[in-house]
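Consider the two complexes below, in which chain A is the common component and chain B and chain C are the respective partners.
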Partner chain A sequence: MTLDRATRLMGRYLLLLFIACIFVFPIIFMIMSSFKPDLQLLQDTSSVRALLPVGDLSLDNYREAFDRAPIGLFIFNSVFITATTLLLSLFLASIAAFAFVFIDWRGKSVVLALVVATYILPFETVAVPLLLLVNNLPWLSAEGITWGWLNSYQVQIIPWIVRALEIFLFVQYFKDLPRDLVEAARVDGATWFQVYRRVVMPLSGPVIATVAILKFLEMYNNQFLWPIMVVQAEDYRPIMVGLQYFFQLNTAWGEIMAYLTIITVPVLIFYLVLQRAFIASIASTGVKG
Partner chain B sequence: MGAISLRGINKRFGATHVIKDVNIEIEQGEFCVFVGPSGCGKSTLLRLIAGLEDITSGELRIGDRVVNHLQPKERAVAMVFQSYAIFPHMTVRENIAFGLTIRRESRAEIDRKVSEAARMLRMEDLLDRRPSQLSGGQRQRVAIGRAVVRDPSVFLFDEPLSNLDAALRMSTRQEIAALHAQLKTTMIYVTHDQVEAMTLADKIVVLKEGRVMQIGAPMDLYHNPANLFVAGFLGAPSMNFLPVTVEAQGARTVTVTGDMLGRTEVPHRGRSFAPGQPATLGIRPQYLRPDDSGALRGTVRVSERLGTETVVDVALAQGTRLMAALAEDVILTPGAPVAFGFDGYKAHVFAETP
Partner chain C sequence: MANSLTRQNRAGWLMAGPAFALIVVFLILPFFMAVAFSFTNQRLVSPNPTEFVGTRNYERLFGIATLTLEAERDETGAVVMRDGAPVYPRLRGFTRDQERYPQYFRKREWFSFERAGNRRTYVLASDVVFLKAVRNTVLFVLVVAPVQAGLALGLAMLINRRIAGINVFRAIYFMPVVISMVVVAMLWRFIYDGNDGILNNLLGAMSFGAMPPVDWLGNPWTALPAIMAMSIWQGVGFHMIIWLSGLQTIPASLYEAAEIEGASRWQTFRYVTWPGLRNTAILIMIIITMQAFTLYPQIAVMTQGGPLDSTQSVVFQMVERGYGKQDIAGGSTISVFLFLFVLSISLLQGWLTRQRP
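Up next, the complex of A and B:
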């Protein structure tokens, strides 16, 4: 009986360990390889040495990767674009959801349905119209001078700030907040914005974490097609496009591994900090980044 | 400044008409209780006064201002919710100070008012706690404290005691009564509990299905209910109703007969009846007395000894039920035959039939 249970438990752990290995090995391989010269890296791939910090280890790959491409700039661009979009998204999506849930106005259920319906449109369907738009509209225009959208930060930020999903997640969460709290604050003299800032948002930690995680992954990992379309200059290029560019430079494998390690670190840190919220968000929304 | 006047108030939610032509005058400093069964519209009426719902038609005045279109914060009302509605992310102190910080009062002024409210509600030790560390009764006191510090011209209470246990309910009820005696501010209190209504109110408004059934002082309503609903709703146990037929109307009384009653004279209390008209006789359980020669005969179904009185549930001959509240030393066993008499001058007669 106990033996039977122990065997079953061991079987389960072995299975979990196996699955964990499938996910962890590529990351370990990437990190270890980033410290090795190409020749050794290729030799090691046929043995377990590929996963071990052995042989001729150095930071040469990192040095050369940084020499070959402005990786620091790419990282700055990605972090800046992601952080700005994330903060604006949290603010605008939550305040829109607040208006949908707590304030009564004519036609709000129709508008909400329309907003949510836009979620089914994949980016590819709006990519070309959006490109035409940013191509023809001025960003800022004063007498004699016109700034455009192409090759800029704003073209990578503004179209991405609020998507239906974020509004929807906030709406669902706000609906479950006790309405009495909002009404009590109203009777106590709070304006709608004070209710939002002092009562609703402080109680919305879980949904803020969920939206932050989804937005971070969307912006940091998946921004690829759009920047290729609208950013030609190196100055505004995010890391994912930078990676593609880096590949084309006839680079050594070790340097590519170094580049990959550098761009993976922010994701790992973000993940570790928000791990608990991350799991909860996937479990509660069924949405994965 | 805290007088309230509701004139011809109606409220519809889409096609549902929930408040029907309500007229109520509440005087400055009065403790007014809205009472009625669940779904009678009493909470909706309170929310209309608070400004949390729009009035469909009619005129609402607080003091000398028409407030129909004013925001809640412009009405100078404070409200205590059934769920307490205290903010879980704030300490007790921050909760109580909420309305004051919204009004941007000075730090010193806020501290002074919060301490004063805390002293009045005996919760000085709790100020730095979070709501999750408080018991139900303490949370209720925080909610009351939050209302008190704002020094409103009207307090609104929405079933504030219904989440408390029986003992706490009684002590909190007394605290609210003491608070009213001390502040002398107009209070409107919604409850479905007729004991709370009877004990707290200067004026009771009995509501049913969105209509006012009767307005008056507690004892007026108890002794002179205008209709069967009010008669049955106020008083515990409820008034007994027996079907009767009117025989004749005199100067002050009306003579009725019923299957088990013989002829009985009952004060008509200003109502007029036609001979032969079916009517309903109402007798409070407290006014029934065991009497072997009494007209009302039946068998005991259940006898409950409450200590202060014994409440007996009796099945009369045709299956009609009768409740009697007798002296505490009366012992009746289920199945035993009983007979009751009563004083016709303490009974009521209504033209309605249930």
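Up next, the complex of A and C:
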């Protein structure tokens, strides 16, 4: 009986381990290959050496990748776009949710219904007309008013700031906060903005983390289609689109692996450190309906 | 009182207004623009004014006609054969002749099939590539949605146990989700490579060299399945987590009761687990379906729609047109079509959830 249970537990662990290999091997392979010269990299693919840091290891691939493309600039662009969008999103989505949950104002139900309706509107369905729209929008710059947002940071930031999901997550969270706190602060003469800043937001750590992680993944990882459409100039290109420099290189796999490692490892470290928060944020997208 | 109400109105609009304005300008307005443009000849930049063109854009995408031809016969009335197959009149005679055959004009052969009595039916389409893109996308959704949801449920049940180290496995299974699909697609290009790819090496080693190498992305029969497999690898952890949170809402007392009753594993799943997952199941199918319909980065990075249009997708075609050819009207028409698809899925969700007793 105990032996039988031990065998079953063993079998379970073997299965878990086997599946883990399927998920983790390609990632290990990517990182290991980035340190190997192309010839060795190709030879290693036929054995387990592909997953091991063996042979002639160097940073040459990294040096060559940096020579081929302005990677530093791309990293800066992506980080700047992601950070700006993230901060604006946290502020605007939370303050809107605050108004939806705690304040009674005329038109609230209509506005909320419209916001919720956009949840089923994937960005892809508006990308093409949006291209025409942003091509005709004004912008105030040092040279006065200019027209057209193509090739800029704002074209990659402003359309992405607010999504229905973020407002929705804040609304769900605020609804569970004790209303007495808000009412007590109002009786004490606090303005709505003070209630938002001093009472509600300090209690909202978990939902802020959730929205921040989802937004980070959306902006850093998934900005590809839109920048391809609106950014031709290298100066504003984000890191995922920068990968196009390596598309045609079917032979220089070492360089490609180095670039992939550069853009992925920071996210992986981030994930491994904040693992619980990442998983909780994905789980929270499922608590609807 | 009235004063406080106005103040509430003002506070509400001030706080929700900016977010609402952004949603209106960058989501709702472009959506209506897409609908409007789909009936015009709007281009990104054009010297000519925009004109209303009716449903022309839709006809150009979805125009389909069938044409049945009799095999050619020689003077004796016998069917002319070449290479063992009957010879049919050339399609050009029909598709280039606007005067006599306006319904076939500028259409191209999509596919054809043999009929009895030496006849052959040709299905002609205005835009064969787009219809292939629709077919591929639907195929992608039909395969990826159930397979990915099923595998994710399996993984969720596997790690929904309190045994030592289970958190490590959960973290590993979820890892590809935090990696960009663009990176994943580039990495898998190497794995699928026809000459040096790891997959070929692995299969070759496992079959002791009996399995010949396959150019997974270069073969029209394997390219789309290869992209499907990779997409499932990347996304399955996401849905595993959603299943897991569904599983954890099922009270442990139900499982205890099932055990006391002597229920088999399958019975426990069928009568305890599955009914508790109903809402999660619907939600997961919706999320996967929406994600699968917007298939793009995989195509852009791995195949550019090829080989032989076997991996064209609706969004890829939309970008080709709206951005590549700067044909805003054509791209908008595809957007409207995509939206109607997604909407019908959401309506289906509403209907399925209402079915609950």
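Convention: the second predicted complex is superposed on the first by the 274 of 289 C-alpha atoms of A that agree within 3 Å, B and C clash if a C-alpha of one lies under 4 Å from a C-alpha of the other, contacts with A are read in each partner's own complex, and residues count from 1 in each chain.
Following the convention adopted for this analysis, a residue touches a chain if its C-beta (ideal position, glycine included) is under 8 Å from a C-beta of that chain, and two chains touch if they have at least 3 such contacts.
All values derive from a computational prediction rather than experimental measurement.
Of the two partner chains, neither chain B nor chain C is touched by A:Q232. Put simply, more of the residues of chain A are touched by C, taking chain B and chain C as the two choices. By the touch criterion defined above, A:S141 lies against neither chain B nor chain C after alignment on the C-alpha atoms of chain A. By the touch criterion stated above, A:Q194 is placed in contact with chain B alone, chain C being left untouched.
In the superposed model, A:I263 lies in contact with chain C only, and not with chain B.
In the superposition on chain A, contact is made by A:L203 with chain B only, not with chain C. Using the contact criterion defined above for the overlaid structures, shared-chain residue A:A184 touches chain B, although it does not reach chain C. When the shared chain is aligned, no partner comes close enough to touch A:S58: not chain B, not chain C.
The intersection of chain A residues touching chain B with those touching chain C, taken from the two complexes, is empty.
Against chain A, the residues of chain C that register as touching in their complex are 8-13, 15-16, 18-20, 22-31, 33-34, 37, 42, 44-45, 155, 158-159, 161, 163, 166, 169-183, 186-188, 190-191, 196-198, 201, 204-205, 233, 237-238, 241-242, 244-246, 279-280, 282-284, 287, 290, 293-294, 296-297, 300-301, 315, 318-319, 321-323, 328, 331-332, 334-336, 338-339, 342-343, 346, 353. Taken in their complex, chain B has these residues touching chain A: 50-52, 71-73, 77-79, 81-83, 85-89, 98-99, 102-103, 146, 150, 156. The touching residues of chain A, counted against chain B in their complex, run 178, 180-181, 183-191, 194, 198-199, 202-203.
Across the interface of their complex, chain C is touched by residues 9, 12, 15-16, 19-20, 22-24, 26-27, 29-30, 42, 45-46, 50, 92-93, 95-96, 98-100, 103-108, 111, 114-115, 118, 120-133, 135, 158-159, 161-164, 167, 192-193, 196, 217, 220-222, 224-225, 228-229, 240, 243, 246-247, 253, 256-257, 260, 263-264, 267-268, 270-272, 275, 278-279, 282-283, 285-289 of chain A.
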